[in-house]
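In the two complexes that follow, chain A is the common piece, with chain B as its partner first and chain C second.
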Partner chain A sequence: MGQLLQAVWGGLVFGSVYGLMAVGLTLIWGSLNLLNLAHGAIYVAGGYVAYTLMVSLGFSAVFAFAGAMLASAALGLVLYAVVVLPMLGKPGWDNASWIATVAVSLVLESALLLAYGPEVRAMPAAIEGAFVVNDVVFRYQAILVCAVAVVLLVLLHLFLKTSRFGLAIRAVSQQMDASRLVGIPVALVFLIVMGVSASLSGLAGAMLTSILALSPTAGFVPMLKALIVTIFGGLGSVKGTIVAAYVIGLLEAFVQAFAGVAWSLPALFLFIIAVLLVRPQGLFGTPELQRL
Partner chain B sequence: MLRVSDVSAGYGAAQVLHGVSMHVDAGESVVLLGPNGHGKTTLLRVISGLVRPSGGSVQFEGEELVGRKPEEIVAAGIVHIPQGDLVFPMMTVRDNLLMGAYRRGAWKVRKDGLDRVYALFPRLQERGGQLARSLSGGERRMLAIGRGLMGDVRLLIVDEPSLGLAPQVIEDVYAAIKAITRDGLSLLLVDESANHVEGMADRVYLMETGEFRREGNAAELLGDEALLSTYLG
Partner chain C sequence: MSAVTQGVREREVTPGAGPWRRLNVGAVGLALAAATLVPWLLVQTGQRFVVTLLVTVLVYAMVAQCWNLVLGVSGIFSLGQLVMYAVGGYASSLIAIHLGLSPFLAIWVGGLAAAAIALVIGLAILRLRGVYVALLTLGFVMLLQNYLGTGPEIFGGFYGLKSPGFGFTSNPLLSTYYLGLALFVLTTYAVWRIMYSPVGTAFTALRDSEVYAVSRGIDPFRFRLLLFAYSAFFTGVAGAFMAHYQQSTTPASLSFTLLTNLIMMIVLGGWGTFWGPIVGAVLLVFLDGFILKDISAGWHALVLGALLAVVVIAAPEGIAPPLGRFLKRAADRFLPDDEDEDDDEEAEVAR
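Right, the complex of A and B next:
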């Protein structure tokens, strides 16, 4: 029983972080039609910024997290201005764009390797300690991760559902021409989406690397899982992505608890292959292209 | 009010418009007639900033529009209701309408806008909470028109509102457009068929292969059966 509950709790924590990463992927896919494979590198960059602020410079965790979000948002905007914008709307966008983001990711990871070296670092927890209820260990850091992620996901959902600019982001992802014709500044929407997505990924990196480890390539696996979440949720659907994040998080935690950590990625791949066979549009996706 | 002078435009190597000129005066209803694929839609897309012309000028109340972004042209008061069902399919009818009030000034008075549009199209109010993709073709067309009326529109551009609709629904849509323009709103409307626009156009342009062949008073041109059958078949 204890092991089961521990797995559920672990699943909720993982799910929260995957949610933070995956909504960014989904937003960018939905509005720009771009598969951003630099998302994992931005996650790691967020981790290193937080590490530098907290460990090297002695700032508090709050500052470290805020700094990580700001720095990754800036990275996202640079990525947009330097790489995405020159290619946007040109022939070959579909493939050229995601290949370019792979290149960006390689550059970013190499830069981090040069700056910080290859060794794996342990990011300190924002709050040390834990408490135990019924044999289930609740680390304060895990509670923090979970709470921050849930609050941000709820806020993001409300923003997209009710605010003027949030509605405009969804409009752009569903019908670009109509959005232009009602006066939505599409370029600004793209910019905001890139910045928000990157900052969420950077925050995920800052928070999760104290539970997992921090190294220049540590972003690849979380990104892979976020990608699985995004596909499972129905590419482009924010609600679907959030639900999918927790399903995948729980699935992973159960596999780790009862079959061993080695099985977690293979199990997720098997799962997503099965999903794609049965329901190729994912949980909340629609068969059409516009979904957000 | 709107003055298009010697506009040429195309997509890549294919030139669609060959130096067209036309104008819409304040309070006037102007109709562009012509068969499919002869440049009517392209001209509208040039006016609203979606397509950049290769030459010529588009002026609205003395201000040049060529080179301006679509959102700036909307801000000037030109609202283009595009061909087909360009609604936001996964948003509710109400949210679709609200997007028509995206501009800050319109957003402040969006409740009034909703009331106005709902009064014109009670069906949209009934279906306010439904996703736009669940609407029928006619309802979607009304949604697109209603969305266009949420902002402060001074020139309304409607691209083939009859496309793909049943005859009864076409009548409803045109009745609605007529009602909108009754209070002096300027209208630029594109259609393939002369039948729909009788009684609502002040002036008519006949377009063929990217040029205007004839221009004139609606009553005269629309009464000339021989002329119409030559151009529209």
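Right, the complex of A and C next:
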């Protein structure tokens, strides 16, 4: 029973962080039709910025997290300027864009490697300590991660559903040309989407690396899992992504608890293959019109 | 003329309108002669290192060509070509180790095994599109790497298999090179043959406008499955050749670094073009072997990543097409009377 509850708790924590990452991926996919494979590199960059602020410069955790968000938002804007601006609307955008993001992530990861070295670092927790209820260990850091993620996801959901900017973002992701016609500043929308998405990823990096580990290539696996979440939830659907994040997080935690850590990624891939065969549009995605 | 064929009119296609290309015997012969003689000269003059680089070029060019067929010509976002590469290497090595088959025959088994795996993977993913394919093929790469590293004893774990070598006794490096060259020529011919055929046109049509292609009676699933298995066969052969050449097969043949390197070759050279992957492989292997040889891993990845970004963003058609146009202009200037014969090769590059 204790193991089961521990797995559920672990699933909720991981699900929250995958949600933070996956929402960014799905926002970018929805509005720009861009598969952003630099998301993992931004995650790691957020982790390193927080590490530098906390360990090397001795700032408090709040400052570190805010710094990580700002720095990664800046990276998102750089990505926009370098990849999206020169290439959007050109022929071959579908293929060339994600290769460009691979290139950017290579550059970013190797820059981090040069700056910090290849060794794995332990990020200190923002709040140390834990309490135990019914044999289940609740680390304060995990509770913090979970709470911050939930609050941010709810805020993001409200932002998209109620604010005028959220309306604009949703309009652009449905019909870019029509949105431009009715006077929505599409370029500004793209900038906001890239900034928000990158800052959420950076925050995920700052928070999760204290539970996992921090190294220049540590972002790859979380990004893959976030991609799985995005696809399971239905590409472009924020609600679906949030639901899917918790489902995937719980699934992963159960597999880890009962079959071993090595099986978590294979199990997720087998799961998503099965899902795509049965329901290719994911949980809340709209079926593709092009399906012939 | 028999009664059956009498009523059938010869189908006439305006020259240049069909997808077919004439093989330029002169140019190909010249290139083959150079590819045969230059390494021999290099070995004679003691430049063995360059010849080992050339063997690497041959293998990666084979894989990049096959991958380009899937990614560039047909527009399938597959990241899984390394699965076929590794399957070829492992199948061939296992057969050679446990059944004692000669490596010369085992590499073909490797190719067949890769094609069989490609059929299975293709059945699962080719009905999907876009990013789904990218994610799932990447998933297969990681699953296989994990499985080979931690799976059954027979795959040898992370240290992999000790594949038997080809057993050349006299001048092993040069002999290996010639074997690789033969396989490379075979692959290149196969790629050339299918690219410039009605089937190749069907692939490009599916890439450029799937709806239109389907309305003209092309079954996307069957064509893509065919392409997947076809390219997998030669990729498997390349993987098997590499395994016996290096006398080891490890899960590192599925590493993400190799994956990005191969994508880089395709993109730098110019994807969707015939010459792109070959030019890209030559460029990248020699860049690695000479210019970037002495710098640290971090700077290495930084330089290559920046190069890839610049090419994708600023010159998306890659290096081969502009190079081809340049050569064609040069040929036009210096060989004004030679209208069609010598320019064939360059015209293809310019395509």
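Here is the rule we go by: the second predicted complex is superposed on the first by the 287 of 292 C-alpha atoms of A that agree within 3 Å, B and C clash if a C-alpha of one lies under 4 Å from a C-alpha of the other, contacts with A are read in each partner's own complex, and residues count from 1 in each chain.
Convention: contacts are C-beta pairs under 8 Å (C-beta built on N, C-alpha and C of every residue); 3 or more make two chains touch, one makes a residue touch a chain.
Treat the numbers as computed from the prediction; the structure is a model and nothing was measured.
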Residues of chain A touched by chain B versus by chain C: which partner has the larger set?
C
In the superposed arrangement, does A:Val182 touch chain B (first), chain C (second), both or neither?
first
For A:Gln174, using the defined touch cut-off, is the partner it touches chain B, chain C, both, or neither? Pick first, second, both or neither.
first
Does chain B (first) or chain C (second) touch A:Ile231, or do both, or does neither?
second
Let me test your reading of the model: by the given contact rule, A:Ala100 touches which partner, first (chain B), second (chain C), both or neither?
second
Pick one for A:Ala262: touches chain B only (first), chain C only (second), both, or neither.
second
Would you sort A:Pro280 into first (chain B), second (chain C), both or neither based on which partner it touches?
second
In the overlay, answer first, second, both or neither for which of chain B and chain C A:Tyr140 touches.
neither
Would you sort A:Val83 into first (chain B), second (chain C), both or neither based on which partner it touches?
second
Shared chain A contacts, counted only where both chain B and chain C touch the same residue:
288, 290, 292
Footprint of chain A on chain B - complex, ascending:
48-50, 69-71, 74-75, 79-82, 86-91, 95, 98-100, 102-103, 107, 144, 147-148, 151
Using the touch definition from the top, list the residues of chain A that touch chain B in their complex.
164, 167-168, 170-171, 174-175, 177-185, 286, 288, 290-292
Sort out for me which residues of chain A touch chain C in the complex.
29, 35, 82-83, 86-87, 90, 92, 94-96, 98-100, 102-107, 109-111, 113-114, 118, 220, 224, 227-228, 231, 235, 262, 265-266, 269, 272-273, 276-277, 280, 288, 290, 292
Residues of chain C touching chain A in their complex?
71, 75, 77, 124, 127-132, 134-136, 138-140, 142-143, 146-147, 150, 210-211, 214, 220, 256, 260, 263, 267, 271, 296-302, 304-306, 308-309, 312-314, 316
